[in-house]
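Structures for review follow.
In what comes next, chain A is part of two complexes: it sits with chain B in the first one and with chain C in the second one.
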Partner chain A sequence: MIIAKPRFRLEPYVQFAQKAMAREATYRFDVFTSIASVLVRVYLLRMVWVALYARNAAPSELPLHAIITYSTVALLMGLVMDIDQTRALHDRLHTGDIATDFMKPIVVPFYFFADGSGEVLFHAVLIVPSLLLALFIVHIDVPGPLVIGTFFVSFFLGYLVGFCINFILNCVAFWTLEIHAVQLIVTWVTDLFGGEIIPLVIFPVFLQRIAFALPFAAMFSTPLLIYVGVIRPERYAAALGLQAGWLAVLAVVATLMWRAGAKRVIVQGG
Partner chain B sequence: MRHLRVMLGVYVQYWRINILTTLEYRENFLLWFGFTFIYHGSAVLALWIVLNRFPSMNGWTFRDMAFLYGLWMLAHALHNTFFSTVGDIPEHIRDGEFDRLLVRPLDTLFQAIATPGQVFPDELILALITFAAATWYSGVQVDATFLVFVPLIVAGGALIDLAFNLFISTVAFWFVRVDALRWIVIQLEQEFTRYPISIYSRGVRLLLTFVVPFAFMNYFPARFFLHKAHENAMLPAEIGLLTPAIGLLFVAMAYVFWRFGLNRYSGVGH
Partner chain C sequence: MGKGTPSMAIIEAVGLRKVFRSLERGSGIWGAVGALFSRTYVDKVAVDDVSFSLEPGELVGYIGPNGAGKSTTIKMLTGILVPSGGQLRVAGIVPHAHRMANAANIGVVFGQRSQLYWDLPLRESFELLRSIYDIPRARYLENMRHFAAILDLDRFLATPVRQLSLGERMRGDFAAAMLHDPKIVFLDEPTIGLDVVAKEAIREFIGTINRDRGTTVILTTHDLADVERLSRRIILIDEGKVIYDGSLERLREEYGTHRTLVVNLAESYPEFVVAGAEVVSRELNLVRLRFNRRALTAEALIRRVTERYQITDVSIIEPDIDSIVRRIYLEGYHEGAALRQAQDDTPS
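For the complex of A and B:
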């Protein structure tokens, strides 16, 4: 079978993203719970750090207000980072709908990216009320425009790295259908080694080496350390470069896995 | 008497099916066991990382916190092994399976608990090992009091878990989707049992003692066994021995609520 390559148009993907946003907006109670859960964790982490800093020598690079800022911003980032944007891929492999997706005049991975981004954009909107409510619980530092700007660039790179990791995991479903446990395992590892719960600079040296050598640090740790000023402007280029490097590597892996997986579907489908 | 014998027979069959199912889906079981292991492993590792950098949290060291975690893990695993099926009730209500239980000549709640799935005592075994290691590591004295009270306290802790599990499932008689509510409670329990509750503000401490008594699962008993008698104007450590009574009380309340819900239940319209 020869499939003519359709000319690439952007607007279907914008539509996919809008559809995904509308879909997410229907789960109102989930919106409420995710905000409530962030607020509870903001309170909890604040108390934990206060208790720890009260009786011990504070690390010089991260005073109490910096670590509380770090934790709060990490939780707000989690609202968009913790979403499995490509779950649809896994679901459609399960139901077999993926076969019809291949017949549509779209680039299927872009469809998943658009769908996931719509979901993520909707959750990104939740950051605003969460942040406003969180300010009743904690005080967070607001750095200058250069730092904030770089933070957002780094956050976006981190988001793309997270997208690739999710995509790769969901591609595993081409081979084995049960991937839920594996995904949860990766989630725990990401939370810890990505620096979402505990800043990596607090880790003991040998664990720090491991954590900084893994791609997960590019998701949370880099943008957050830029935000709190541990990564100084002279090291921005290197930090963002490393994130971009991971992104390139993971994008290649994701593409290869997608190609191999897609071939399998076509072989199975005859 | 005959009734009890029938129930026992059903219950034995329930475990037989569970174990046969687990043996049938071995890869799946191994994956989920890996998940359980990483889940608890990463939680303990996170505690270790933090307390390695900050050796004391309100006077609690890593050794104390290991005991705190081990005690919670054991009670929680006991609940998950024997009563996790209670959490499936909302799903049964939604798909209409629940109505079948109503017309059978055995107690409805018992039938719900004894609905086979893929339950295996792997988490309980892991929890026993962890608890034994934590007891040894924290230097808690294993004497007659310990041997008599620990099993009772663990059972009481599991009952506290069961009470909330049953309470949430009962809510499903009125509101069919309770996933979000369950998720909040699970998260609260996880987060608020990890650290000594003395780090929180007064209101939260009262909440965790009297309203959602997770503090009785591990904090109060751990204080008793670790001889932490004075902890900034909190209740005396001896009340940790009341955990079994608190567990029974809360399960009784949840059961009354369950009966109330069951009597008013009239199906979801299948």
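For the complex of A and C:
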């Protein structure tokens, strides 16, 4: 007997994303605290950089206004980049609820992608009020349209790289159920080598070599260095190409991890 | 299936088998550390050569103690576990090979977990399911109206699922499982932890969908009252093997041979013995006697008691399905065993 594969419909996944947005909106207190926390950090980092620059010779590539712009834009990016969009995968593996997902006529990894995207879209909306409020605290450089445009492309690639890294980490739960320790280590490494807090270009040379050779630089460092003009237009193609390369590698790893994990659930019963 | 085929089974399992493989683990902290490096595996047979077949519209109780293999069987039927051996067809489909096609035909309710979306109002979970199963709008509204009436959902449709009581959540889960008119529903311990009123509402609902919609139902449960109330046929499973498949009446007929006579004695007799009956318990003047109804009538036993002792009161307890099943787990099922025992019990 030949059984027709049910035709693929996009509608359920759009619904998953919408419901995820609605879900995030129910935690109103979270919304206010995350905006407030960004503003506090914008203010603190500005103080730190002003104090540091007052006592040291400024690096030629990043004058004070550029580094304040860098760290403020990084904090705004963090509103969406720091979300663990696929935590639902880990949670549902932990509780065993993943079984109910496999019992529905849906492509399960697409469900997690849709759900995470909804969550991220909701938080992306918060960038606008956070930005407007941040402008009361700091001055942000606004580059030309080519730079801004490339920055957004690079930001999007960086988001997808971050998504893959998160997804891979949450897939580890297929084997260990608990991923807290692994996640903590990766968070430290990302904080240090991602360029979210300290621009990689002011690292000592040997650390720079390591940092630029790792995929984490593709998350924050590349879009931010484009924004502040350290990466010049003639190097855009190479920078975006490297990000796309990392994305391809990580997407393959994520797919393999998912396949092995899903197989483990359906053969071993989780 | 061609014309004239005697079986039109909607579910067919033949020699179904599932073996789980896990790392061997020693005890204590060194055992745990050792397990990190060990490559010795132990196989655990969860389901062993299980065969059964269900006609469309049947309602079957799938009964067994903890770890008997009930949930493993259900998971294979839903296509989320790959069998290690044997054949399985659900509405003509091999579940694990066509998980998505199979999913459209089945509805599942787990007493221990929910398929509703935790943070959203109950109504939104139903909306989401409408979209997932591509249920036509008119049909969806009709089903919603119907289920809301039977399960009394209207009061909490707007409440987030996390704020529902267990009884309300289970009613929501039942509606969710039935919304797409599945041909078959698998119910895994659906009444666990519910109070008497909620249990009754759920049983009523299961009965209704089976009767009115002709939905085939497999019900696994610990609570044999569910089965007594709902199904005529039960499959008993223990240690992964089917030990009984047949009607509840036959089981009761064969195994429900022993009744209990409760006697209230007028005086405290130090010694109490009656031929043909066994004293099960004695608390002061209250004595419980177990006797085989095939060997001895209640009337005859009461006569034997009153011939020798003064009594104030007497009552009879009929065997319940619970005690019958408990006995089968302990002794195993043997066809005709009860009859042989009846002969042994006959006083000579």
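Just so we're on the same page, the second predicted complex is superposed on the first by the 263 of 270 C-alpha atoms of A that agree within 3 Å, B and C clash if a C-alpha of one lies under 4 Å from a C-alpha of the other, contacts with A are read in each partner's own complex, and residues count from 1 in each chain.
Throughout what follows, contacts are C-beta pairs under 8 Å (C-beta built on N, C-alpha and C of every residue); 3 or more make two chains touch, one makes a residue touch a chain.
These numbers were taken from a predicted model, which means no experiment stands behind them.
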Identify whether chain B and chain C fit side by side or clash on chain A in the overlaid structures.
-> fit
Could you say whether A:Phe203 touches chain B, chain C, both of them, or neither, answering first, second, both or neither?
-> first
Just chain B (first), just chain C (second), both, or neither: which does A:Thr26 touch?
-> second
Which superposed partner A:Phe102 touches (first chain B, second chain C, both, neither) | second
Check whether A:Val265 is in contact with chain B, with chain C, with both or with neither, and answer first, second, both or neither.
-> second
Once the shared chain is lined up, is A:Phe16 touching chain B (first), chain C (second), both, or neither of them?
-> second
For chain B relative to chain C post-fit, closest CA-CA distance rounded to the angstrom comes to 6
List of chain B residues in touch with chain A within their complex | 27-28, 31-32, 34-35, 38-39, 42, 45-46, 49-50, 52-59, 177, 180-181, 183-184, 187-188, 191-192, 195, 199-201, 204
Chain B touches which residues of chain A in the complex?
-> 29-30, 32-33, 36-37, 40-41, 43-44, 47-48, 50-56, 59, 178, 181-182, 184-185, 188-189, 191-192, 197-198, 202-204, 207
Where on chain A is chain C touching in the complex?
-> 1, 3-6, 9, 11-12, 15-16, 19, 22-23, 26, 95-97, 99-100, 102-106, 265-269
Could you please specify the touching residues of chain C with respect to chain A in the complex?
-> 20-21, 72, 75, 78-82, 92-93, 96, 98-101, 103-104, 106, 108, 110, 113-115, 117, 119-120, 124, 127-128, 131-134, 160
